[in-house]
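Below, chain A partners chain B and then partners chain C, in two separate complexes.
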Partner chain A sequence: MTLVWLILIPFIGGLLCWQAERWGEMAPRWIALGTMLLELLITLGLWWSGDYQLPAGAMAGAADGAAWAMEWRVPWIPRFGIDVHLALDGLSLVLIALTGFLGALAVLCSWTEIVRRVGFFHLNLLWILGGVVGVFLAIDLFLFFFFWEMMLVPMYFLIALWGHSGSDGKTRIATAAKFFIYTQASGLLMLVAILGLVFIHYTNTGEYSFSYEVLRNTPLSDGVAMWLMLGFFIAFAVKLPVVPLHGWLPDAHAQAPTAGSVDLAGILLKTAAYGMLRFAIPLFPEASQAFAPIAMGLGLVGIFYGAVMACGQHDIKRLIAYTSISHMGFVLIGIYSGSKLALQGVVALMVAHAFSAAALFILSGQIYERLGSRDMRKMGGLWGRMGSLSGFSLCFVMASLGMPGTANFVGEFMVLFGTFGVAPWVVVIASAGLVLAAVYSLILMQRAHYGPSRDEQRFADFDRREYAMMLSLLALVLFFGLYPQPLLDTTASAMSQVQQIFSVADANAATTLLTGAR
Partner chain B sequence: MGLPMTLLLPLTFLLPLAGTLILSISRGTLSERASAFVGVASIGLSALVTGLIFLQFLAGDGAPQTVTLWTWIAVGDFQPTIGLALDGLSLTMLGVITGVGFLIHLFAAWYMRGEEGITRFYAFMNLFVFSMILLVLGDNLLMLFLGWEGVGMCSYLLIGYYYQHSTNGWAAFKAFIVTRIGDVFLAIGMFLIFLELGTLNIAEILQRAPEVWARGDTMVELAALLILGGAMGKSAQLPLHTWLADAMAGPTPVSALIHAATMVTAGVYLIARMNGIFTLAPDVLYLVGVIGALTLLMAGFAALAQTDIKRVLAYSTMSQIGYMFLALGVGAFDAAIFHLMTHAFFKALLFLSAGAVIVSCHHEQDMSRLGGLWRRLPLAYAGFVIGGAALAALPLITAGFYSKDEILWQALASGNGGLLLAGLIGAFLTSLYTLRLIIGTFHGETKSDNARHAEAGRGLVHGLPLVVLAVLSTFLGAWLQPPLADVLPASPGEGVHAWHTALEIIASATALAGIALGAWLFLRRREWLARLAGQGWGARLWTLWNHAWGFDAFFDRLLVRPYRGLVRLLSGDPLDGLIGLSTRLAWLFNAGLTRTQTGKMRIYATSMVFGATLVLLVLVLGA
Partner chain C sequence: MLTMTHLVALTPLILVCITAVAVMLGIAWQRHHAGTAIASAAGLNIALLSVLVIWQMGPVETPLLVIDGLALFAAILILISTLVCVTLAHAYLEKYPGPREEFYLLLLCAAAGGIVLAASRHLATLFFGLELLSMPLYGMLAYAFRERHSLEAGIKYLVLSAAATAFLLFGMALLYAQTGRLDLAGLAVALTEDPNAWALAGAGLMLVGLGFKLSIVPFHLWTPDVYEGGPGPAATFLASASKVAVFVVLLRLVLVAPAFQGDWLHGLLAVLAVVTMLVGNLLALAQSNLKRLLGYSSIAHFGYLMVALVIGDGLAVETVGVYLVTYLVTTLGAFGVVTLLSTPYSGEDAAALHHYRGLFWRRPYLTAVLTVSMLSLAGIPFTAGFIGKFYIIALGVEAERWWLVGGIIMGSAIGLFYYLRVMVTLFLVEPGMQRRDAPHDWGVRAGGVVVLGLALLVLLLGVYPSPMIEWVKLMAVAGS
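Up next, the complex of A and B:
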């Protein structure tokens, strides 16, 4: 039942916020903050009390039934075998904890930014988070699809109602529509793939089922498996995003309110990586294995394309958005490497990127609040004029370029170390991306914070709320940079399961080759 | 005495870290004096702890000591630790870092008086020392890499310390990016070593390498080459040297500490530390020597044609590190480390003396506007003369003589005549540019008001570091023999003595000849030189050397401009436009259909008849 509450709390909190606006604009903020903190506390409680380090021996049986730490199941539409089936393992736990934490930050960073329709804003914000938690917990494919689509609607409103107009004159409505259409269209492909899988299962067994565990063992011919896998992959690739399906991201990031950017970069992008790890690979292991070289190639393209694009931006939030694309390239490579070290690195990198990108977006929001612009041509020489803001920017810029000691370094290097044994050339090329990461990160520093100041105007230093946000993010980045083990231990069993699936597929492919049968 | 290593070793870097934390948490509430005190005291204490460690280490049996603090990452057999290892090599480095580092921090308290943001300066300097200590103490490659990147970051921050001038910012940017290119090679080297040997622990790597790889195996050559790439970036060796001259944009104590004494020699340390890999890869080891020889010649000529005193010193640093690489290349690892140590003394002395000149002359550092200062700035002059003598390796009385002589001797003993010749030519060049530097700064007429109104620095903070470093730059400094015997393999010249004295005489004569020629040229033939450099091929040669053989322009054409072009080319996000095509198609379709909606009955009727006919035709013919 706890799992249900994890999903329900944000939704109920959102409704309360909406109604609480009648008591003034502070009420929704406090309620939203309390809601997210409660969510975070429950997750941490689960983390504390549960055992996610399943013994290595249990992995052998993982192929026929995933070992969940918690499970909850009631029938929803029995005619079609659709259940409300929720399950939790280490991976989803980590990502839900991340959602709770970044959700609280999203509320905090909108504290002074959002003044119009505060109640409805927080309703949308919390419903996004509720949808995300649903995505992380649902293992019934229909339910998963339901939550996947559900998180789009409040995000649409967030951009359309509270966004900024773009630097190139694009309206926020147009951007919101672009975001919606991209994800909606790709979601449609996933729906087709889900239904295809369900019908194949129905023809085989005469039974409808949307259950993840049942469908995992559906025998598929190679061609069909590839097409269905692509349906899932494209849906996730749009969300991750994978170049060339990334077009919605820079616009959405630049024009969303800060809280929207934080949620987008911190959590929504991670749902895509989660989807690949949880569904695309386990449902179609052989197809995924065959597809891996292409996926890694796309990852490389993303790393370089994102990095080069980031160098050419004037809008500071667009720059950070493109760096996200670049970082997600590493995630994609790690996911499809099928090495346990790299897969664990993917988890570390996802968490690290969530912290550092969220921090950079919050900092840009704070610059915007003070300067009234996101255009770096109007910045320059901010160091010394914005109090601690520049110092914190420096810290997170360093995290973003993968400075050792930060969690980003741990993630990136685990991915690279792990993948090197599988695809050395991919790693060699990806490593060159580390130079470009330094280029775009330091360009941000140089353009915004160094150089001559335009005028003598001094800006307000951080207040206590802003300090608390930045310090907690910095502390987490450094902590997981120097001691990532708690994180790695939690997701170890979930990740070795994915790795197992991958290597079994590898072995199968090898036997197919040897025997020539199939 | 008798404190456990598990406490002492972490203290060496935790004290500077504490300094950084105190300074950054204070957020400018500390006074200038308090900031300087925290910054200097933290390094002073760290130096004291190093002294204690030294005593304990000498009292012990000299066996390496390791301290593992915790396991950094543990996934499968990937188990890098936050672990420290102390042996003679890291102890030598530790002594240089904290000892010379302390003197430079102390001097900086004088140099940086009245500057804005002293707290920031000391916070970064302490952070640098922290990272540098981690670099030399790390017992595995990932820890080493942590320090390696950390010092690069601090170097970046301190080069760009005067951030209001965007040129400084871009100089810092360049330094970070160029060294990062080297770092990527090192990173790939780490991936390769882990894949092949299954460990990142340095002691285990050195132990397993000969078991797994035969001498000259492609994989070990590759691994050594990749490590060399990292070392070249950090140590400013050809062709990744272009950042060091621009790095002089930072405050002078920074140049002394980071860009002369410690960080730039990290590449030498790295190769010496991984000696087991390099001895298995003879081709790459030879390449190390060749790169060193080329760099020392290239930088020697470039140093001859600079007018900024800090840039002369920068090129001289590259050149001296070239000597260290040369020594590594002939397998004389201990000679390289010995020269690293003496170079740290005399180059820090030269930089601090340069700092004294610069502050005294109201931030004038161009030789064409200095001159005739020896009477007004006696201490700085003495520093330059002693440091310069050590740099030029004047026989018997200077520290530089003993270390450089050792390198040349090892080159001869290993039978590398070409490298030896390069070293001798380099020694001649060194004397020449050193003399040009000293004469240009301190002799002749005074060429600007800033120099005419020079005020000599006073006080212990200013004087003590100069005096101590001056003493260490003489033969007294050469008495400090680093305890390397247990760590590094024996040099090729060990136990051989034939021709040694002859070489010493030749090398001394070369240095003296350079000085004699320099004195004659720069004191007596100045007008003639100026005329020569002003026209014809003389001017062209001057420009070529002044721009250090044009590497900057070359890389600008090869990398920077194409990259900028690429950025401009992609600025519209063409791949997004690809997806945007579908939108445009939809609009086109929409426009086309809209046009048919004319509201004219005649056209509707015609098209209906036409359509119906078409359908009928298809049905009839198709059936």
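Up next, the complex of A and C:
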């Protein structure tokens, strides 16, 4: 039942926020903050009390029937064998905790930014988070799709109603529509793939089922598996984003309100990586194995494209958006390398990127609040004029470029190290991308915070709320950078399952190759 | 020979007709707006109850009509949408300067026509039902005949509808000339024995006639104008009950008659389906009038529905059932809001999109209804529309018709664009422009309650569709 409450709490909290607007505009903020902190506390409680390190014996058996730390299941649409089936393991736990934390940050960072229609804003914000938690918990494919599509609607409203108009005359509504259509249309491809899988299962057994565990064992011919896998992959690739499908991201980030950017970069992008780890690879191991070189190639393209584009941006939020694309390239490479080290690195990198990107977006939101612009051509020499803001910027820019001691370093290092055994050339090229990361990070710092200042005007220093946000983020980045073990322990079993699936597929492929050769 | 069983099976139809006659006599005796509306609603409710009783009986056939699961299913949908129209009309016509009571008479006649049409198993009843459905609609669409647009809508529908009827009759004549039969079962047998070009042409011409009523591309040209011009309740009826009845009879034809399953016509249907969804959605993009937009959207939705006709087996009947229910509930909700905003009647309906700017900040619940309807039309989860779309895509995937599936995905992606535009308009800050508004107490009036109920139903069907699916499955089994 706890799992149901995890999903319901943000939804109920959102409705309360909407209605609470009549008691003044502070009420929705406090309710939203309380809701997200409650969510975070519950997750941390689960983390504390539960055991997510499965014994080695159970791991061998886990290859066919995944083992969950918690499970909840009731029939929903018996006609098609659809259940409300929620399950929690280490991976989803970490990501839900992340959702709770960033959700609280998103509420905090819009404390002074959003002044109009506060209640409805928090309704949308909390519903996005509720949908995301649903995505992380749903194990029935229909339910997963349900939440996957549902979370787009409040995000659309967030961008369309509270967004900023773009610097080059693009309206926020057009941007929001672009975001929605990209993700919704690709989502429909995933629905088609899900249905294809279900009907193949139906022809084999005469029973409808959308259950993850049942469908995992569906025998598929190679060609069909590849097509179905592509259906899933494209949906996730749009959200991650993988480069040819990334068109919505820079605009959406640039024009979303700060809270929207924090959610988008911190959590929504992670749903895509989660989807690949949870669904695309376990459902189609052989096809994923065959597709891995292409996926890694796309990851490489993403790393370089994102970095090069980031160097040419004037809008500070667009710059950070492009760096996200670059970082997600590493995630994609790690996911498809199939080595356990790299997969654990992916989790670490996802968490680290969530913190650093969220922090950078919050910082640019704060610059915008003080300066009234996000254009770096109008900045320069901010160091010393904005109190501690520039110092924090420096810290998080360093984190984002993967400085040792920060969590990002742990993630990138593990991804590269783990992949090296599988695809050394990919790692060599990807490492060159790290140089570009240093370039765009320095450009950001140099143009915004150093250099000649345009005037001598001084801006307000951080207040206590802003200090609290930044310090907690910085503490987490450093903590996981210096001692990532708790994170790795929690997700170890989930990741080793993925790794096993991959290696089994590899072995199968090798056998087919051998028998073919004979 | 007409027996007692037949009479019992026909009770809903008879009850609707009795109500129509009673309303007519009542008008002749003394005009009373509220009384007429209440009498119509009561008659429709009793008819609805009788359908639920007859549901237990199993199929009954008379020479001209068949009362099976499909017919009863259609009857329920038609009666419910007529009830909604009556409730909306009552509020809408309250301040109408001309005679108000006749609207209910027309509505009841059209409902009776729809029920006959959906239950027909003979070309004579098919024609009779179709005309009984269409004739009152001319009057309803042109009811506010002092408005240029309303009159134009009525006349346009009259002229084009007559042309379509001519096609239909010609098709029937060709089929009759070839086979000498007019009942559907007989036609089916005769055509299986001896399929030839003339019979095929006949079937094609009938398809044109029915396609016109369903506004399938390229017979859709009348739709936006008529939707825009007709008074709210009339447009609601046209978009809901009328389409359901015609679609059910088309489904019957396609399922029964092998001429429709021939390769050539089958291919034609598939092409028409794809073209209809794409053209409907594309043309809707440029609309700035909500009623026109809904008109194009309904074209697109019937494009999706035609996928079920093309595939015609497996889940097809169940899909049609589920989709029709979800489409009906959603459309009634959307048109209901438009009608309520134009209530009470004062000239042209408030349908231009700028009337809706910032509606949320004035009428949050009414806007919520329209938002839910738009989301449902777009097929977003948590709404009924998603279940319908899920069924259609499932059907396409099951039959491995990838072109049709591709068309649905393309159409949905394009469709999102204009549904989102309407939605965001509702929430935008209002400029100081002059605007129309629903009466202040809309939420507690009959029309408001109905519209709110529809929105809740859309959400309920989206979250917990099992009972509906079970019910439709029952219909599909009973119907086949």
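Throughout what follows, the second predicted complex is superposed on the first by the 516 of 518 C-alpha atoms of A that agree within 3 Å, B and C clash if a C-alpha of one lies under 4 Å from a C-alpha of the other, contacts with A are read in each partner's own complex, and residues count from 1 in each chain.
Going forward, a contact is a pair of C-beta atoms (placed from the backbone, for glycine too) under 8 Å apart; a residue touches a chain by one contact, two chains touch by 3 or more.
What you see is a predicted model, and the numbers here were worked out from it, not measured in a lab.
With both structures placed on the common chain, the touch criterion links A:149 to chain C but leaves chain B unconnected. Within the superposed three-chain model, A:485 lies in touch with chain B and out of touch with chain C [touch as defined at top]. Of the two partner chains, neither chain B nor chain C is touched by A:45. Using the contact criterion defined above for the overlaid structures, shared-chain residue A:417 touches chain B, although it does not reach chain C.
With both structures placed on the common chain, the touch criterion links A:246 to chain B but leaves chain C unconnected. Of the two partner chains, neither chain B nor chain C is touched by A:293.
Among chain B and chain C, the chain that touches a larger number of residues in chain A is B. By the touch criterion stated above, A:76 is placed in contact with chain C alone, chain B being left untouched. Of the residues of chain A, not a single one touches chain B in one of the two structures and chain C in the other. Contacts from chain B toward chain A in the complex involve residues 24, 27, 70-76, 78, 82, 116-117, 142, 145-146, 148-150, 153, 156-157, 160, 163-166, 168-170, 173, 176-177, 180-181, 183-184, 187-188, 190-192, 194-195, 563, 566-568, 570-571, 573, 575-576, 578-580. Chain C meets chain A in the complex at residues 360-361, 375, 380-382, 386, 390, 393-394, 397-398, 405, 408-409, 412-413, 416-417, 420-421, 424, 427-428, 464-466, 469-470, 473. Those residues of chain A that touch chain B in the shared complex are 243-247, 250, 305, 308-309, 311-312, 340-341, 344, 380-381, 383-384, 387-388, 391, 394, 398, 403-405, 409-410, 413-414, 416-418, 420-421, 424, 427-428, 431-432, 434-435, 438-439, 442-443, 445-446, 449-453, 482-485, 488, 492.
The touching residues of chain A, when paired with chain C in their complex, are 76-79, 117, 120, 145-147, 149-150, 152-153, 156-157, 160-161, 173, 176-177, 180-181, 184-185, 188-189, 191-192, 195-196, 198-199.
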